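Labels A, B, C and D are assigned to the chains in the order they are written; within every chain, residues are numbered from 1.
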Amino acid sequence: MFKKVLIANRGEIALRVIRACRELGIATVAVHSDVDDEALHVRFADEAVRIGSAAPSSSYLNVPAIIAAAEITGADAVHPGYGFLSENAAFAETCARCGLTFIGPRPEDMHQWGDKVQARALAKRLGIPMSEGSGVLADVDDAIREGERIGFPVMLKASGGGGGRGMHIIRNAERLRTAFPQAQAEAEAGFKNGDLYVERFVEEPRHIEFQILADGRGGVRVLGERECSVQRRHQKVLEEAPSCGLDPEIRADMNATLRRAIADTGYVSAGTVEFLMDERGNLSFMEMNTRIQVEHPVTEMVIGIDLVAEQIRIAAGEEITFPDGPVVPRGHAIECRINAEDPDTFAPWPGPILEYHPPGGAGIRVDSGVYGGFRVPAAYDSLLAKVIAHGRTRDEAIARMRRALDETIFTGIRTNVPLHRRILDNAEFRSGRYSTRLLERMAAEKASAKP
Amino acid sequence: MFKKVLIANRGEIALRVIRACRELGIATVAVHSDVDDEALHVRFADEAVRIGSAAPSSSYLNVPAIIAAAEITGADAVHPGYGFLSENAAFAETCARCGLTFIGPRPEDMHQWGDKVQARALAKRLGIPMSEGSGVLADVDDAIREGERIGFPVMLKASGGGGGRGMHIIRNAERLRTAFPQAQAEAEAGFKNGDLYVERFVEEPRHIEFQILADGRGGVRVLGERECSVQRRHQKVLEEAPSCGLDPEIRADMNATLRRAIADTGYVSAGTVEFLMDERGNLSFMEMNTRIQVEHPVTEMVIGIDLVAEQIRIAAGEEITFPDGPVVPRGHAIECRINAEDPDTFAPWPGPILEYHPPGGAGIRVDSGVYGGFRVPAAYDSLLAKVIAHGRTRDEAIARMRRALDETIFTGIRTNVPLHRRILDNAEFRSGRYSTRLLERMAAEKASAKP
Amino acid sequence: MEIDLERLRELMQAMGEFDVTRVELEDEEERLVLERGHLASAPQFTHAAPAAAPSPAPASAPSHGAAAEPEGSFITSPFVGTFYNAPSPDSPPFVNVGAEVAPGQTLCIVEAMKLMNEIEAEHACKILEVLIDNGQPVEFGARLFRIAPR
Amino acid sequence: MEIDLERLRELMQAMGEFDVTRVELEDEEERLVLERGHLASAPQFTHAAPAAAPSPAPASAPSHGAAAEPEGSFITSPFVGTFYNAPSPDSPPFVNVGAEVAPGQTLCIVEAMKLMNEIEAEHACKILEVLIDNGQPVEFGARLFRIAPR
């Protein structure tokens, strides 16, 4: 097992990794920018190294500084968290070259799953269900031909995109003619890769993803699904496990398919395969994320396994610690991402937290990266804390989360707690039959309700 | 179901009940003394009524004021929490007379289990294993006769005592001769009842207790045991579930015995049967507590049931919500009681909490009744918060609790967090083979380690 | 106003030395209050919190006498219950505004558990204001009457 | 009202010095209230926390230059790495205390990932103190030299 792990991240996920390390008896090194001198991960790690200034490029994305911090503290492994360098294959390679274990997949896996077109081709080969779609489009005419073959509306996507960036809904051929060059230029500028492709567009899609874990020693687990359809502009807001929209037969099929796929490719570490579910309940592959995800706790709550601890153990060459077999989720879990933002305009709201009272009690877990008195920096994402509620049933989890939000207090800054309250009270959400358009519809209702 | 519940308590247990009520859709009324104007239960209840001054007799034990508060707010039920009026049969009767449902057992059950001698006689009749002991002692000579029959050392106990009060270890007949009149006078003064009895004294006892639940409609559950041997002067400090000292066969026997006993007596609501376990693993009945207990969360963590919600539902005439069948604890849970006290001298340490950071993350539950900025009053017990850790195994739960304590921060007051750290690091505790004398022995070791 | 800075500094220094957090001095002509630091700031924080916090459901206690904070002396309720200004619905009130009240005189009733608790004046005083409406609930310490002591 | 700004400033300064948070002065004609800290109290709280809190394991960062807080101007490290005062173990130091340094002159090396990063003086200055021992690790922003600008 590792003696000392450097966490190349900040906020709640840095705390999450520090906690897993402490429970495994591993010393921890936090790295941080100068605006994070007082951050919680700095306070709670065994050692902390200031590596740069506020701009991520100077600190949390600054590979030489992070490696140097590992060198001077004698760390033997690096956990990248999510975001920042977590899916950067070059960083993983650099770690390996410098004698540091990167706690995550092999660089080649990060590479091939990171490129949208390669990933689609690989997934197809592995028998993972796909939406109808094209290869890389040669030009506008090719795009129109493919669009007509698949049937409009289609989604025009950038090969290098991800997380909702570089995507356009196209409802007819004329629109495609104007949108294509524009999207190409955007992709060129944004991802340094102008490749585009089209896919069938689903009007009321649901976002379903499967948690996988593999130890590279023959141990492979598919740990059930998460429903992440409560999204705003492709940013997840609230997640649950299991999904109440997934057909049990499709769930069983997918478990078998993904198990085979992961075993075939020799993938190691934790990962998530994301799917879009159409109105008839059919899944189609979106992407594979080669990291631990923000919403991993909802899976942990229903299966009783510490995924980050497993990830660290696997990186240290150990086997998965829990037996193979069908995964039966115990109860239901919901996660609310509490962001420092205006609950209506979604404008980020950094600044000093005057008072902080996290929720507690039966069935409530809080993963936070802040404390009363902490000044939320403007330089990073606005996630303050994740509140996770577990119950025997979905209704119990909803009731529990509803009361937990009532006792979640932040003063000094604005948070999206009121938005979460509205979601939990929304009839469509409560019914369990909702799509990724839920929030959009709620916003429209709210706007029309005002005179 | 009730529309509005008044909580006749304060601190973490008042919060605990408010949480359960909110999840059940029940409005809540807090009552409070004037020094608790800013207390968390006052802030989080739907309504709050100031009922008296700091002295418990003027507020939290003031029956007319509590009933009046229920009347003016229109509450239809009262939850007494633990301590204060929770085992006061007269209060339960007054509630009933005033048309309020007392959320707890029937007054007659509270009465018969509350009197030590009646309780012993009842337990004996119900086939619950007993330590060798006497009936009420007529005089000193009777005491010596009984002591010699049972064999010294014996414990001399007051019928009206409880929670460690009114107990004396007697190692020989001569000592008994002097101790008897003294104990009688104490009992007379302390409990208004001079009755005494003797019991076999165990040198290395463990405290084992079983959680029971009965709905008065035929539903009876025995929900496994808790180990509460980490005690200081008969005050529990840390509890776990399950016990690693209990013989599985005895556990199964006891489940069957208690099930029958509860069904036979027609007991309703939650309750706890406390046992003393001797060095050979034999249990003997100590007492039955007719209330929810401080340490109920460790049971909740391993069985996944909200005991307070069940208690409220039962009082409203509903059935137990989970199916009958053998209770298999899922994993292991530990609770640390965080008190405002000096970790070495145990002197209470009331005052303003300047900064409060509760632990979080996977497997951690916090039940607290305070916040940063709250001034802990000197008038009440020193329990600030309960930290509960759950793991797949006892070792995992210990590791988790250990790191949770490291991130539990209170400034401005002293707490017993350092004591809990020492307990978790103690080899005897970690081995699982420890008795109620653990803390005493640790204190002696610490004292002798100092030059 | 003359500020004797040197004396003030000395006083402040002494406060720090002995960890004194508040000094109040008053004579016929002048009044001086000094408050110091660390410990003083915590209760303020406490106090500010409930007001500033988005309380899940604001404690709508039946009668928070302190809300408007009129100045003066008060008779407060020693009981939780329902306030009655007269012995029966048909009777005239025990006291009206302007009444001069003798020690031991009944001012009102606070009813709880069907018991009519008569609240009596401890000292002689004049009733300046009746702060609770007839039949309204009151909590412990609620202000019932504003008075002028005599 | 006449505002004696100078006296008030002095009083304010004294308040800061002795951590006094409130001054109230009143005489027949005037009343003066000074309060310190409200807005400042939140960051102070923040700041006090890490120091006061029983940190599970105090951040034993390789080099927190700010610890002793000597006064003056400093040259800080733009990199995380290991500090070397000379180009090789056998060479004399790039600069010694008392050295007058020209802009662009190499002062030391911070090594990271086997790369020797030469730290140069931006402006002309005089070296008053070398704050890091040879071969010691430094973090971003760590103070390397105390200097006198010229």
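The rule is simple: a residue touches a chain if its C-beta (ideal position, glycine included) is under 8 Å from a C-beta of that chain, and two chains touch if they have at least 3 such contacts.
The structure displayed is predicted, hence computed values, not measured ones.
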Shared interface partners, meaning chains that touch chain B and chain D: A, C
Please indicate which chain is farthest from chain A, where distance is taken between mean Cα coordinates of the chains. C
As a quick test, compute the distance in whole Å between the mean CA positions of chain A and chain B. 42
Quick check: how many Å separate the C-alpha centres of chain A and chain D? 39
Express in whole angstrom the distance between the two chain centres, defined as the mean CA positions of chain C and chain D. 49
Would you mind listing the residues of chain C that make contact with two or more other chains? 45, 49, 53, 56-57
Considering chain A alone, which of its residues make contact with at least two other chains? 44, 354-355, 357, 371-373, 406-407
Touching residues on chain C, where the partner in the complex is chain B: 39, 42-43, 45-47, 49-50, 53, 55-57, 59-62, 79-82, 112-113, 115, 137, 139-142
Provide the residue numbers of chain D that touch chain C in the complex, in ascending order. 4, 7, 10-11, 14-15, 17-30, 32, 37-38, 41, 44-45
Can you list the chain A residues touching chain D in their complex? 30, 34, 38, 42-53, 59, 64-65, 67-69, 71-73, 98, 352, 354, 371-375, 412
Write out the stretch or stretches of chain C touching chain D in their complex. 1, 3, 5, 8-9, 12-13, 15-16, 29-38, 40-41, 44-45
Seen from chain B, its contact residues with chain A in the complex are 15-16, 19-20, 22-25, 44, 297, 300, 304-306, 308, 322, 330-331, 355-358, 360-368, 371-373, 392, 396, 399-400, 402-403, 406-407
